[in-house]
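Pasting the structures in now, so scroll down.
Below are two complexes that have subunit A in common, paired first with subunit B and then with subunit C.
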Partner chain A sequence: MQLTQRAKHVDRHPMTWIERLYFWNILKGMLITLRHLFKRKATINFPEQKRSFSSVFRGLHVLNRDEEGRERCTACGLCAVACPAEAITMEAAERLPGEEHLYREEKYAAKYEINMLRCIFCGLCEEACPKDAIYLSQTFAPSNYSRKGFIYKKEDMLIPNPLTEPEAYKKALGDRPVKVISKV
Partner chain B sequence: MSEQKFFKVTIDNITTEVEPGTTILQAARKIGGDIVPPAMCYYSTLKDSGGKCRTCLVKVAQGSAADPRPVPKLVASCRTAVMDGMVVENITNQQVLEARDGVVEFLLINHPLDCPVCDQAGECNLQDLSYGHGDDKSRFEFVKRTFEPEDIGPHIQLHMNRCIMCYRCTYVADQLTEERLHGVLDRGDRSRISTYISKAIDNDFSGNMIDVCPVGALTDKTFRFKNRVWFTRPMDAHRECSKCAGKVHLWMRGDEVFRVTGRKDQWGEVHDWICNECRYDKKKVSDWIIEGPAKMSRHSVISVNKYYGLKKPKDFLPEVMGGRDPKMLMNIHDVSGVNDPDIDLSAINGPATSKTFEKKDS
Partner chain C sequence: MHLLSIDWWFLLEKLVLIMVIISLSLVIAMYTTYAERKVAAWLQDRRGPNRAGPWGILQPLADGGKLFFKEEIIPLVSSKFLFILGPSLAMITALLTSAVIPWGTSIHLFGREMPLQIADVNIGILYIFGVVSLGVYGIMIGGWASNNKFSLLAAIRAASQMISYELAMGLALIAVLMLAGSLQMSVIVQNQIDHGWHVIYQPLGFVIFFICALAECNRTPFDLAEAENELNFGYHQEYSSMKLGFYLFAEYINMFISSAVMATLFFGGYDIPFVNEASWGISPNLLALIGFAVLMAKIFFFLFVFIWIRWTIPRFRYDQLMNLGWKGLIPLSLANMVLTAVVMLILKKLN
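Moving on to the complex of A and B:
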């Protein structure tokens, strides 16, 4: 009994001697191989060549600075509470007098860590951030031999200072526009 | 004994009977649910509070059974006593909702939107209120009112910019402490909470000002910037205290007590005031008898990322391995600086600074 129309009938007749030479089948296979020689390669020479990412690609996190080079993050914890993988942890501290050039607000993240083994690169932290302090860049987390190398600290993710290293800052920022957030 | 007379009152088509002298707000709270008007200044356990913020405005559609005319203007439900046969409209009246949106907009005019920095965020009445009412953007295009920061003592941090002038803290000082050292100075939009002659507010029970403050104007200095409220775990706890009931919420991270507050009921009100000793000086688990996790509203951000009723599975590995513990692949403290076992944040009497973390590095 036939249940569906999709069943394929298999021809099981004994092969003739011409068929047993496999001449035609070998030729068919060679033709497929030959055709692929003239096709565009699916691979690239990775370290030298790099693929361009889509502008909405969500890769490694970057902790942003404002136009004066101060850290934007105020350790409000919204990224950590939005994180479905619970990868983000932080500890806040109060800005001391004399540290105004380092931190934008009176509270800042003294410790900020993302466990890249946990992170699923969903970008919810970027969406939750009220200060435009974290965004996902267009690179991915490099591989590492040990688990220890995947706990990314604040220093690993901070964008270069636009005042002291403007070139590196521009490169890290990519085509992302600089958002101006009014200070309250 | 004469029979107690009850007043029949209808709030949003729900009829209930309350004692004479009950306010509309209290009657609504007796019914409960969505029909309860929000309140920013009224506090049931503080005498004479209420009537200032106007968020609890309701429409009285029928004054009483004897005089069924409606009250021409919206009334503050926290200060208006019910009459027999009164008909009140709260969420069923568009005029009330629009008025409340306006009140919220006015409250937010001078309120800085620094919730990412504010320690009250997550348990702030104004935050909840402004999420529920009014526009999501401001029409106010002028410079907000700001004040010079004022030091009012070692325990309480005053952020005058955030204050909405509810007067709750002055009632706490009047009714709970021996002497009121602060009050409202100046008038109009320049009015401010201050001690005038820089005095430290440190009399006993003054810490309750922190609990009654509906915004982040008065916050606990010993908890300042330590953690966000939704990452700490509230626990019901008590201790023998000669001055107060000793019934508190401990806000903990692991075995660290970050903050001690009074227990708030479903309306965010504290009934058992706690003394300053319990609040500021008892920051160890051994000081307290912990009853268990505190029940928080499911809709509160405080209840996120918390797993209640979790049963720890039996650790069978040591048993299988003949008493030996399995080899740890990585101790997180070797790489991570967060929650460092050497730095006890709960032991610091104030916010952590860069110096707190420097000590470890050197």
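Moving on to the complex of A and C:
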């Protein structure tokens, strides 16, 4: 009894003389492999060539600066609260007089760490951030020799300063639009 | 006193030739490992080794260097002398075969005629068969001396396989020898230059010879001696460092030499196809070099086919291997031999 129409009948006819010789079939197989010799290779030479990602790809984090090169993060802790993997730790500090060119608002993150081994790259921190201070970039594959090395510090994630290194800043930003957030 | 006098020039020229041919075999064997990996990758839609040097051409050097730096392990329970003798023998027999292959016509240098052949003995093919059947000792001794049951099983497999297929190989060759009328390699090549390649007269003989050559070199589909899934690794399981390298290397040298033998016996050796090169009127030295290049091209083609087959066809089962050898190839080669003899006699009667 047949339950579906998709069953394929196995051909069990006794082998003909030519088939028993194997030569013809071996020749057919060799022609198939020969055709693969000229096929386009599926491999990408990874470190030199990179696959392009879509603009919504969620890779390693970047801590953003505003157009004057000041850190946007105010250490409000919304990203750490939103993080389902609890990968984000931070310590807040108060901006002192004379540091206005470094930090955008009166409060800033003195310490900001993300454990990349815990992070699941869901992007909820980016969604939670009211200041557009953190976003997920298109770089990926962090590698390190120790677990400690996977805890990324603020220096590891901060975007280059647009005033002093405009080219590096452009490159790190990629095709991401710059959001302008008015000061509260 | 005259009998004892030595022709020093002769000695020197042969010495140079031997050195050139042995280093050539080694280099080609080295780069066959590279070609194997590259072609395998291409056949599988990959890229193959491409990190060491441009296009990865330094890869075989890296592999060889790695083998040299590996720790040499000689198992305590092994028979030490035989354990070392095994890979050496495999290597020596692989290299010895190249002695009788004519690599080209002769080169004229300093008023002397230098044939591009180490020894033009009149039993050239017998010599090849003698040396090739010695090759089984390298595997046998190595497998036995390891004192490992898998190695021993693999060695026995390899030995019985090589002995079985040597028979069919020899029988297939007899038809060629009847055509050429000599066992001398240079005469066989000359006969092909005069009357056309032997593969035209002996297509079946060539196919049988080729299959047997695959079996003799322990290449897929006859690499039962190295069946990883049944025998862990095969006869060289206990070997490490360069002794393992010798075994692997001997396989590639064997491939190179058997390609050379096939090109010489069936595909006209150093004969340039479709042209009568004697009427060109260029210097004989240049002609010899062109002939050598043509022979090399034929050899490289066969090497490619060896690799191509390896990455296409799966391994035979042991009983299939024996059936093919004893019930398939030997009767077929016998029939081929008798048929050739009958046709040759009839043609002789008609003339």
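The working rule: the second predicted complex is superposed on the first by the 158 of 184 C-alpha atoms of A that agree within 3 Å, B and C clash if a C-alpha of one lies under 4 Å from a C-alpha of the other, contacts with A are read in each partner's own complex, and residues count from 1 in each chain.
Following the convention adopted for this analysis, a contact is a pair of C-beta atoms (placed from the backbone, for glycine too) under 8 Å apart; a residue touches a chain by one contact, two chains touch by 3 or more.
Computed from a prediction, not measured in an experiment: that's the story for all the values here.
Undergrad: Per the overlay, which chain contacts more subunit A residues, subunit B or subunit C?
TA: Result: the larger residue contact count on subunit A belongs to B.
Undergrad: Touching A:M15, do we find subunit B (first), subunit C (second), both, or neither?
TA: neither
Undergrad: Who does A:V56 touch here: subunit B (first), subunit C (second), both, or neither?
TA: Touch partners of A:V56: none, neither subunit B nor subunit C.
Undergrad: Which holds for A:T74: it touches subunit B only (first), subunit C only (second), both, or neither?
TA: first
Undergrad: Let me test your reading of the model: by the given contact rule, A:A7 touches which partner, first (subunit B), second (subunit C), both or neither?
TA: neither
Undergrad: Answer with first, second, both or neither: which of subunit B and subunit C does A:E99 touch in the superposed model?
TA: first
Undergrad: Touch test for A:E91: subunit B only (first), subunit C only (second), both, or neither?
TA: first
Undergrad: Of the two partner chains, subunit B (first) and subunit C (second), which one does A:M30 touch, if any: first, second, both, or neither?
TA: It touches subunit C, and subunit B stays clear.
Undergrad: Could you list, by residue number, the parts of subunit A that touch subunit B in their complex?
TA: Per the stated touch rule, the residues are 74-78, 80-81, 86, 89-96, 99, 105-107, 110-111, 113, 130-131, 146-148, 151, 153, 184.
Undergrad: Within their complex, state which residues of subunit C touch subunit A.
TA: 39, 42-47, 50, 308-309, 311-313
Undergrad: Mind pulling up the subunit A residues that touch subunit C in the complex?
TA: Listed in rising order, the residues are 26, 29-30, 32-34, 36-37, 39-43, 45.
Undergrad: Using the touch definition up top, name the residues of subunit B that touch subunit A in the complex.
TA: 112-117, 121, 144, 224-228, 230-231, 301, 304-305, 329-330, 332, 334-339, 345, 350-357
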